[in-house]
Amino acid sequence: MSEFETGLPSVRLIQSYIKDKKQVEIKLLTGDLLAGRIFWQDNSCICLLDPSETQIMISRPAIAYVKPNG
Amino acid sequence: MSEFETGLPSVRLIQSYIKDKKQVEIKLLTGDLLAGRIFWQDNSCICLLDPSETQIMISRPAIAYVKPNG
Amino acid sequence: MSEFETGLPSVRLIQSYIKDKKQVEIKLLTGDLLAGRIFWQDNSCICLLDPSETQIMISRPAIAYVKPNG
Amino acid sequence: MSEFETGLPSVRLIQSYIKDKKQVEIKLLTGDLLAGRIFWQDNSCICLLDPSETQIMISRPAIAYVKPNG
Amino acid sequence: MSEFETGLPSVRLIQSYIKDKKQVEIKLLTGDLLAGRIFWQDNSCICLLDPSETQIMISRPAIAYVKPNG
Amino acid sequence: MSEFETGLPSVRLIQSYIKDKKQVEIKLLTGDLLAGRIFWQDNSCICLLDPSETQIMISRPAIAYVKPNG
């Protein structure tokens, strides 16, 4: 995503998850399934706070999908 | 897909699946095969509603193929 | 492939397979080997008709190679 | 990341890890989990000093995630 | 490779393999190791003639490396 | 890397390995670990001379990391 298009539905959906402190699961191309809440996003990465509040800075190209958790 | 080219056959086909609430299968580079109907698309993601109506926001670069299901 | 360069040898070869309804095999980065004939192409996807005439819309970045089948 | 956008949260977070000589783990799409501290970053790579102070120049597109280590 | 930069060392090396009908091996991200001689190249694909003279159109992003064979 | 930015730390580090005929290891997304010395680089590829002085032309997007070897 070269330009960060804040108007995109996908960016807005992540923004709503951040605002609502929504629990999510993020599946990576490595097969890892990371759980936690999204702390921030920019055009290169999505930062996830895992259950121990550790910041996991995930590269967008490595993400397969994001879905709400519970 | 930097610019969202709504005129592309591939974008139009997805749009028709959305309009017709078509059941589809989406194969990911992880090997996951996700089933459901497509809720929306933008130039970065395709959002799939799975059988439990959960929104799975799939990154386009992680998609291998999309095909109708049944 | 940002701009769809119809003059490229690779695009022209696919176009000839479409015109000649040529049977092909498409190997994906997932390891899948899909067989059928190519229905259309655009700068994001190649649409393959499998033996049951189902449209499989394949993302170009997920393609490893395309070769004639028989 | 074509242009190196130093203002991005993701770039600033890495910059803080460099300044603080923070121990991190970097998960790669190969499944490798590399540990050490980040030495420098540019728009193509992140250079990690492993425990034996060897410079491991990691391609950004190969990174799944970066997280603090302990 | 958005623009086809014919002056690049990598493009020129492939061009020399084409001219000299050099036998090569091409390793793909799928793990496939394809052998044959390169027939043509453009900015999206490299076309390999396998031992049975079948045209295998390989996507450049799927290539790990190219090396002479024997 | 669309434009070849020779001023980048990552490009300069590779250039120093070339000048010093440094032995390196290059880990690929396929899991291959290639050893040798870097012969040249351009914006698409890095060419490695393996122990038998064979030129292995490696696609940059397929590289996970480069590190000195011994």
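Note that the chains are named A, B, C, D, E and F in the order they appear, and that numbering of residues resets to 1 at the start of each chain.
Throughout what follows, a residue touches a chain if its C-beta (ideal position, glycine included) is under 8 Å from a C-beta of that chain, and two chains touch if they have at least 3 such contacts.
The structure presented is a predicted model; accordingly, all values stated were derived computationally and were not measured.
A.B. asks: Which chains does subunit B share as contact partners with subunit D?
C.D. replies: Joint contacts, listed by label: A.
A.B. asks: If every step must land on a chain the current one touches, say how few steps get you from subunit B to subunit E.
C.D. replies: Tracing touching chains, the least step count from subunit B to subunit E comes to 2.
A.B. asks: Compute the shortest path length in steps from subunit D to subunit F over the network of touching chains.
C.D. replies: Minimum number of steps from subunit D to subunit F: 1.
A.B. asks: Quick one: which chain's Cα centre is the longest way from subunit C's?
C.D. replies: Centroid comparison gives D as the farthest chain from subunit C.
A.B. asks: On C-alpha atoms only, rotate subunit C onto subunit E and read off the angle in steps of 5 degrees.
C.D. replies: Rounded to the nearest 5 degrees, it is 60.
A.B. asks: When subunit E meets its copy subunit F, do both sides use mostly the same residue numbers (more than half shared) or mostly different ones?
C.D. replies: Because under half of the interface numbers appear in both copies, subunit F and subunit E meet with different residues.
A.B. asks: Between subunit A and subunit D, what is the gap in Å from one C-alpha centre to the other?
C.D. replies: Once rounded, the distance between the two centres reads 19 Å.
A.B. asks: In whole angstrom, how far does the Cα centroid of subunit C sit from the Cα centroid of subunit D?
C.D. replies: 37
A.B. asks: Taking each chain's centre as the mean position of its Cα atoms, how many Å separate subunit A from subunit F?
C.D. replies: Inter-chain centre distance comes to 32 Å.
A.B. asks: Could you pull out the residues of subunit A that touch at least 2 other chains?
C.D. replies: Residue numbers touching two or more other chains: 2, 28-29, 61.
A.B. asks: Given the touch rule defined above, the chains close into a ring; going from subunit E first to subunit F, what order do they follow?
C.D. replies: So the chains, read around the ring from subunit E toward subunit F, go E, F, D, A, B, C.
A.B. asks: Contact residues on subunit A for subunit D in the complex?
C.D. replies: For subunit A paired with subunit D, touching residues are 2, 28-30, 32, 34, 40, 42-45, 47, 54-59, 61-62.
A.B. asks: Under the touch definition given earlier, write down the residues of subunit E that touch subunit F in their complex.
C.D. replies: That would be residues 1-2, 5, 8-11, 13-14, 27-29, 31, 60-61, 63-68 of subunit E.
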